[in-house]
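Read the structure below first, then the notes.
As written, the chain order gives the labels A, B, C and D, with residue 1 at the start of each chain.
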Amino acid sequence: MLERLKEEVLEANLGLPKHNLVTFTWGNVSGYDPETGYVVIKPSGVEYEKLALNDLVVLDLDGNIIEGDLRPSSDTNTHLILYKEFPEIGGIVHTHSTWATSWSQAKKDLPAFGTTHADTFYSKVPCTRNLTAEEVERDYELETGNVIVETFKEKNINPLEVPATLVHSHGPFAWAKTPMKALENAVVLEETCRMAFNTLMLDKNTGEIEQYLLDKHYLRKHGEQAYYGQ
Amino acid sequence: MLERLKEEVLEANLGLPKHNLVTFTWGNVSGYDPETGYVVIKPSGVEYEKLALNDLVVLDLDGNIIEGDLRPSSDTNTHLILYKEFPEIGGIVHTHSTWATSWSQAKKDLPAFGTTHADTFYSKVPCTRNLTAEEVERDYELETGNVIVETFKEKNINPLEVPATLVHSHGPFAWAKTPMKALENAVVLEETCRMAFNTLMLDKNTGEIEQYLLDKHYLRKHGEQAYYGQ
Amino acid sequence: MLERLKEEVLEANLGLPKHNLVTFTWGNVSGYDPETGYVVIKPSGVEYEKLALNDLVVLDLDGNIIEGDLRPSSDTNTHLILYKEFPEIGGIVHTHSTWATSWSQAKKDLPAFGTTHADTFYSKVPCTRNLTAEEVERDYELETGNVIVETFKEKNINPLEVPATLVHSHGPFAWAKTPMKALENAVVLEETCRMAFNTLMLDKNTGEIEQYLLDKHYLRKHGEQAYYGQ
Amino acid sequence: MLERLKEEVLEANLGLPKHNLVTFTWGNVSGYDPETGYVVIKPSGVEYEKLALNDLVVLDLDGNIIEGDLRPSSDTNTHLILYKEFPEIGGIVHTHSTWATSWSQAKKDLPAFGTTHADTFYSKVPCTRNLTAEEVERDYELETGNVIVETFKEKNINPLEVPATLVHSHGPFAWAKTPMKALENAVVLEETCRMAFNTLMLDKNTGEIEQYLLDKHYLRKHGEQAYYGQ
């Protein structure tokens, strides 16, 4: 079942080491099928080079396993909440990639310093607040999803316009309409985190990009007036 | 038409990933043929590994498409202005390479800290001023070209002596008499940006190279008295 | 003798260049067999690409060579002390990997800044005190082992819960129940040292991860309540 | 003539890109034959991948070309002075490698922060003073050699005990008894420059390694009491 989605989820998982986003098994990609309401996700702790289509786990949005012999990613509940609350997304990537994790550990929003950022993210990429002890003890992975949703709602950010977040003391999640596009967004996030780090080192008071230039670049690539690409 | 120029433009575009100057399709190279007055440029958003000679687009300096089925790079108008205003150049490279983009985002001229810089750039590499909202809205890519030209004219810099610039909040453009030499200059810019970053971190008050040493190295490789190479 | 252990020690030594933990021959892995009480260790100064099973040296815990024609690693006495004093470990890795060595040279404990750290290390990774002139002159490598043991005893750290240390002005040692797991811990240490560096650069006053989140992540992967992996 | 030396000089030149010490042709290795008093050196501006035995240039210590059709490295006069003044050395490497060049541009001695440094360099690696305008105009490459020699004489440093230097506003030279060992020292210099940079970023007031530990590590690998390796 869901063969095409499984193939894309497998390809996107294999894209994690290819794009240098992971050490060992520190990352996972899932995809969502709106027709069945099912999620396809990487199994927990399996090496990418050994990962096969049949290893992927299919779940419904309540976490019931529909298909698969392996245990799903330990971060599964975070993915499920995001699919429930951001119904327009169809793929999620979580990693501990070096630069995005460094920003998450510094507990800082990623500023929009240039057009590279603006081409993908239509504002800062927000860092979530810290989870409370109660949240961590109650249901850690689910509450990680909840705090991401809370962040986007409170700051009134459209998750398709800023398709990533930095989880406090943890690392990045990125998403998109498809798993492969979510992988691309995770790569862009990592590179913009690296450039923004360098930018701050050169001038810790650097200002963000002008709003009109941010608009120009984002809208050059997104929406009805886009004119980038073929 | 322009087969030899197309081959060089293709080779220089393929040099972008080879020299680690690009993520995804974030860069483009063009070449100029002074006899016909035509420009050959990469099409917009096409992956380097899939790029073929026939995909390249030929335009005149007013932007009229002479040959090619694909849309030219979204940055085409910047390239055209530079060929018009800097008639001695024959190749242009634009990328979002990590270190040069970081300096562009910090909105700083690249200081001439050593002989590596002096071997290619005969002074600081200037960062342009910010574009105004009016300029961005009027014709963003064309005005990006204009602000580069303005920078070199106001600072009285010869574009063949300093064959690159950092565009404010954006990233680098490099150029030369040929596309392959422009690629080389883009690589040198990236490496000198990286070294200059490190240099500043070690001592934020580091002084620039002495003028007589800058002269010596630049002129060892350029002009009538050059004695580097075969 | 000890063929299976030798194979694992060889594989773990070859993992050092594979994981970019070494320049030239700057690293060594050993393994311990509790039944015989023997240690298998890399010979001194032999290149990894030329290393063969027969080159490995077998010693008892007092340093008597049981098997092998080559001289054992110059750091052998440090390994032996650690096996004697930390009887629950079965593999040790020593390297001069870039980031962990940089922290060792800065003589700083590695703070626990995030969940990547917490997944492997159940607190800060301690840096040892400086050896005295007397210790260095008496028996340098043995005293290096002693100061590691002293550090863990004085700070009351369980060496399986924090399976690594930073040796003052020198570099990292990592360990585990097996040589391959010790290699993995050395890789994690290097990556967490790199991320922690970046984190401090972004905010030199960054606080460490909350204890309840550290507990959650460490215990998600370790102990009876673990639920990561298959 | 000098076939064996030429083979080693070729191999060491090819080691420059292999060890990531060079961009384009920014580096050169030479070797010295004490019997004939001749030097074998890379030709100027030739790409490493195209370099052949026959391209190497043989000169005497006064710079007279004994053999070879190509022009020798533009840095030849620096090499010649070093062979004249440091008669115990037999190989020299010059590069613009990223980290060593960054320290050269910051005009700082490389401090001895740890045992990695001490294994190869028996004190700080000195940075030369700036050349005067007169020196640069008189004979730039020769005066570069002279200022290196002056640095070692004034600071009373044995060039075999500290087999490298950082040339002010320029980049590193490394040397040894043989070209291949000089290449190794250039690699060690680059890695120690990188680690020392990180160390300073973590604590700009970090002290250098204790003299007794520096002695221990240097003498563990060098001299009559050495016990590292086979």
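Definition applied: a contact is a pair of C-beta atoms (placed from the backbone, for glycine too) under 8 Å apart; a residue touches a chain by one contact, two chains touch by 3 or more.
If you're wondering where the values come from, they're calculated on a predicted model, not measured in any experiment.
Visitor: Give a one-word verdict, same or different, on whether subunit B and subunit D use largely identical residue numbers at their interface, taking over half shared as same.
Guide: Counting which numbers both chains contribute, under half are shared, so the two copies meet through different residues.
Visitor: Could you please state the distance in Å, as a whole number, between where the Cα atoms of subunit B are centred and where those of subunit C are centred?
Guide: 47
Visitor: Nearest whole angstrom, what separates the Cα centre of subunit A from the Cα centre of subunit C?
Guide: Comparing mean C-alpha positions, subunit C is 33 Å from subunit A.
Visitor: Where does subunit D touch two or more other chains at once, residue-wise?
Guide: In subunit D, residues 201 touch at least two other chains, as defined above.
Visitor: Are the chains arranged, by touching, as a line, ring, star, complete graph, or other?
Guide: ring
Visitor: Applying that definition of touch, give me each pair of chains that meets it.
Guide: The complete list of chain pairs in contact reads A-B, A-C, B-D, C-D.
Visitor: Along subunit D, where are the residues that touch subunit B in the complex?
Guide: 23-24, 26, 43-46, 70-71, 74, 96, 98-99, 101-108, 130-131, 133, 136-137, 140, 169-171, 197, 200-201
Visitor: What residues on subunit B touch subunit D, complex-wise?
Guide: Its residues touching subunit D are 113-116, 184, 187-188, 191, 194-196, 198-199, 201-203, 206, 209-210, 212-213, 216, 220, 227-230.
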